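You will see two complexes here that share chain A, one where it goes with chain B and one where it goes with chain C.
Moving on, here comes the complex of A and B:
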């Protein structure tokens, strides 16, 4: 079976398998419905300050798994919903930024700079349309790079990487994430090492579960979903609650906007913003492909670059549509490219990719990594079919975003009225319930809360939670690669230096840490 | 004006220095006590002349690395000049612990109610002569199966809202009731096989 056969099978699986109903004779599959619902939910949560895409993905994943089960045919509906959230939330995040000067997601912060001044001028409609057009354009460009780039990267990786190189590559990724995320390399490294260490509790190959202190609950280690949701979601919930408690609710008065003047997006506007979208989408895609660097930096760089090349009035910061375009295209372009390392290497680079990986690990039947794109003569590689199914779902989500996304986005202004301090406790109960429903024991709930407090302290003391989580997820892969590498090199203790490629990875890991440790102050 | 052996940067980041000391000691304890006592295979295992990596290898490497990184982090924090101290930003003060204590109390009460209220109500009914059987036998039966979750969930949400807003409000209570009812319905109505806390297997 060739590449084209797999692509076709992927498309067919998304559109025809498990039809729920039909419209004018056309079957509407469960995956299609889930992508649509995910997108709407994503726009909704993106527009709600306090919850973003990651929180929505975290709450949804256990519920989705409860609905669809652990069989491989659950994979595309679940991934479709998560992809929908990922795409919808980037679009939705611009809504409160533009209408109320309150970014719905951190990466929409720069959108406020030009979006809100336009709203004050009476042109919120125009600002929202520019944000939508730029966001979806950036996302689409990024997806094209993902779809064309990931398989080739995987093929190269598959050809050149054996076990020692894979172990060295995981070490490089962790070193990079630790060094780049956060403001202190040593804290980043410590976070990653703690993540690795905690993942080794209760696991191992021996009959005695290591480091479990005789506890039956720890015999299989901490539940992965508890660790990830605890540190990423509950940690953030606790910190946000404390911030609000300190502020004692800064009274945010919502100014009523009088809509006047030109609120349409004209062809001349599109011509004006296209160069900014192109540049920002390139920046966002490049940043997205690197592990650890998030959409907030992409938005900042996109905006800064846009400001340098912008001429004429209004200037950036005074309601320039180019400013909105530069920010939104950059932060949205991160979304697709983020999946490049996870699909081609099995290494998640950011929070959205973490949830995609978590979904595949929970459901089974699809293990992201270079083997996904391996062609076997006369056989169907089901994993490749799923990968192209995922790409199809992403393209379909983009299509929905182009057509319906803008309309839904403009309806979401009302979400700002939901008070965050009422919403976050609900998110907490929903997360704990979702964990319980999946794990069916209170120990998992307590572990989630424990990791939540760990995440809270990490945030307060400026330790990178992303480095911790990515290390926790990759810990077993790293150990397995090291065991295999040790075995295939004939018990060579220097297996990490067994080939030029692995030596290069190890040397780069060390250089990355040294470089960022030395230049930390300049970067800050 | 700062005096003594500690740099201004360290004074700005007492938690970082404290954590460096804590993790250094914890990693030493792990290396020399926890790993030897709680892992049955060594760093390297030999079985029938086949040499493999044992279960102790990965945790040992991590503990050594944590020791090294903690020591470096601690030394740098103590001895580096303070002018560029933005990289050791700390945001934890007495107020944080006041908030955390309140949060922990509220969450604990919510969870205790969630786990024990259902069995307690059943025991109470049995004590009063109801003879309805044990909670274990009733945990799939309305209303017993939802008592703990609904009350515990309500206390958890309403408690946190009240902690953050520093007041009890009817509006907050109403939001909490609606939220817990909606979440219960979300799981109860469409799925027969899903179990809300505390009705799972364990």
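Moving on, here comes the complex of A and C:
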């Protein structure tokens, strides 16, 4: 079976398998419905300050799995919903940034700079339309790079990487994530080491569970989902509750804006912003393909680059539509490219990718890695079909985003009225419930709370929780590939230095750490 | 009972009769799980054990309305799963799936496996492995004898297995023929196949997962690990024929912690057997395509099979010494 057969099967699987109802004779499949619901939900949460895409994905995942089950058929509907959230939330995040000068997600901080001035001028509609157009364009460009790039990267990886090189590549990813995320390289490395340590409790190749101190609960390690959701979601909730408590006395009033003047997006506007979209989308895609650097940095870089090349008035920061375009195209372009390392290597780069990987780990039938894109003569590689199914779902989500997304987005102004003090307890309750539903024991809930406090203190002390989580997820892969590399080289202790490729990976790992650590000193 | 008075004896007999009556009564009212059944799979997602466990779970959910929750717990050729399963509640709501060697050779070979045969209730087997030694056809090898010939010239091949047993068999081959392999144990047959295709290893063990690739001519079964030649590759000699007197075939098996209620054991075994023996189910189609059909063993026969497995494992362990 050739590549085209797999692409076609992927498309067919998304649109025809498991039809729920039909509109005018056209069957509507479960995956399609889930993508649609995910997108709406994503726009909704993106527009709500205080919760973003990752929180929504985290809470949805255990619930989705208990609804759809663990069979491979569940894969596309679940991934479809998650992809929908991912795409919807980047669009939705711009809404409160533009209308109320409050970014819905950290990525849209830069959107406030030009979005809010436009609102004050009475042109919120124009600002929202520009944000929507740029965001979806950036996302689409990034997806195209993913769809064309991931299979090639996978083939290269498979052809050139042996056991020792794979171990070296995981070390490189961890070094990179630790070095670039967060405030300090050494703190990043410490966070990653802590993640490795936690993941090594109870796991491993020995029949005897290590570091479990004889506890039967720990014999199998901490439940993965408890550790990840605890640090990422509960830690954030605890921190936000504390922040709110501090800021209680500060009151902000939302002023009503009168809508006047030009609120449409004209062809001439599009012509003006297209170059900015192109540049920002490229920046976002490149950043997305590297593990660890998130959409917030992409947005900042996109905005900064845009400001440099922008001429004429209004200037950036005074309500330039180019400013909105540069930011939104960059932060949205991260999402698609982020899946390149996930699908071709099984290495997650940011939080959204972590949840996509968690979904594939919970549901059988699809193990991200180079074998996903392998063509076998006369046979169907089911994993490749799922990969192209996922791509189809992403393109479909983009289509929905182009058509309905803008309309929904402009309705979401009301979300600012949801008070954070009500929202955070709901998130807390939903997360703990979701954990209990999936794990069906209280130990998992206690572990989640424990990791929640860990996440809270890490945030207080400025340690990167992302480095912790990615290290936690990659820890067992790292151990496994190290052991296998050691065995397959005939017990050579220098296996990491046995081939040029792995030496290069190890050297870059060290250089990345030194480079970012030195830069830091200069900044101080 | 001799020392008991007449009255106590009578009372005891009456009690026994009542208990017997109760048992028959509960056996007639079919056992029903009181909650979700967690199915712990001893090998990685996407492999043969995993696929069977998930297909059977899904079919049981459909037929019986039982809420089955599969999860993977791989490592040490199923030993990690067995360790965990042992201490799970024995109410029929926790079952595991692995291969029979987890409760035979793999258990004995681990210094601290942490469990013993009597820690489990054996529920049902589903099918037998078609264990072979596999390589890419492009290597040019016809049978395992060609590999040995090349190895004797001093070449060290990378050889992937799925459990400690495979590593030990490799050691026996090394001893017998004076050759050397770099043996690596991977988590499940799927990973072994990937490693062979990608060229990360030169050859490896396949429990049946290789069938499609062998049929299409992309891969070749170099030797059979069973007591007999493989159905799809009659030209490949058995390891026994090559002087390694050991059958490394295994059956895929569902187990539960020791002491689950007898009615639960029977209900689970019957339900699993019914699914796998029904040719219209996906699970049955899968095992027919890959392993040559269902092979359901339950109850006392299964206990005897496990006991035999242990005996055979001890023979191999002796060989190793």
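Following the convention adopted for this analysis, the second predicted complex is superposed on the first by the 519 of 524 C-alpha atoms of A that agree within 3 Å, B and C clash if a C-alpha of one lies under 4 Å from a C-alpha of the other, contacts with A are read in each partner's own complex, and residues count from 1 in each chain.
What we mean here is this: a contact is a pair of C-beta atoms (placed from the backbone, for glycine too) under 8 Å apart; a residue touches a chain by one contact, two chains touch by 3 or more.
Nothing here was measured: the structure is a model prediction, and the numbers come from that model.
*Asks:* Using the touch criterion from the header, give the chain among chain B and chain C with more contacted residues in chain A.
*Replies:* Looking at chain A, the partner in contact with more of its residues is B.
*Asks:* Is A:437 touching the first partner chain B, the second partner chain C, both, or neither of them?
*Replies:* A:437 sits against chain B, while chain C stays out of touch.
*Asks:* Check whether A:487 is in contact with chain B, with chain C, with both or with neither, and answer first, second, both or neither.
*Replies:* In the superposition, A:487 contacts both chain B and chain C.
*Asks:* Kindly classify A:460 by the partners it touches after superposition: chain B alone (first), chain C alone (second), both, or neither?
*Replies:* Only chain B; A:460 stays clear of chain C.
*Asks:* Examine A:208 and indicate which partner it touches, taking first as chain B and second as chain C; both and neither are also allowed.
*Replies:* The answer is both, since A:208 touches chain B and chain C.
*Asks:* Quick one: is A:244 in contact with chain B, with chain C, with both, or with neither? Answer first, second, both or neither.
*Replies:* First partner only.
*Asks:* What is the contact status of A:194 with respect to chain B (first) and chain C (second): first, second, both, or neither?
*Replies:* first
*Asks:* For A:428, using the defined touch cut-off, is the partner it touches chain B, chain C, both, or neither? Pick first, second, both or neither.
*Replies:* Only chain B; A:428 stays clear of chain C.
*Asks:* Could you give the residue numbers on chain A that contact chain B in one complex and chain C in the other?
*Replies:* 204-208, 440, 487
*Asks:* Show which residues of chain A lie in contact with chain B when the two form their complex.
*Replies:* Within the complex, chain A touches chain B at residues 63, 66-67, 183-184, 186-187, 189-190, 193-194, 196-197, 200, 204-208, 210-213, 238, 241-242, 244-246, 248-249, 421-422, 424-426, 428-430, 432-433, 436-437, 439-443, 445, 449, 453, 456-457, 459-462, 475, 478-479, 482-483, 486-487, 491, 520-521, 524.
*Asks:* What residues of chain B sit close enough to touch chain A in their complex?
*Replies:* That would be residues 15-16, 19, 23, 34-35, 38-41, 51-59, 62-63, 65-66, 69-70, 72-73, 76, 84, 86-92, 95-96, 99-100, 103, 107, 111, 115, 149, 153, 156-157, 159-161, 163-166, 172, 175-176, 179-180, 183, 186-187, 190-191, 194-198, 200-202 of chain B.
*Asks:* Quick one: which bits of chain C touch chain A in the complex? Just the residue numbers, please.
*Replies:* 35-36, 38, 44-46, 50-51, 54-55, 57-58, 61, 69-73, 75-76, 79-80, 83-84, 87, 110, 112-114, 156, 158, 160, 180, 182-187, 190, 194, 197-198, 200-201, 212-213, 216, 218
*Asks:* Which of the residues in chain A end up touching chain C in this complex?
*Replies:* Those residues of chain A that touch chain C are 69-72, 158-159, 162-163, 203-209, 216, 219-220, 361-362, 364-367, 369-371, 374, 376-379, 383, 440, 480, 484, 487-490.
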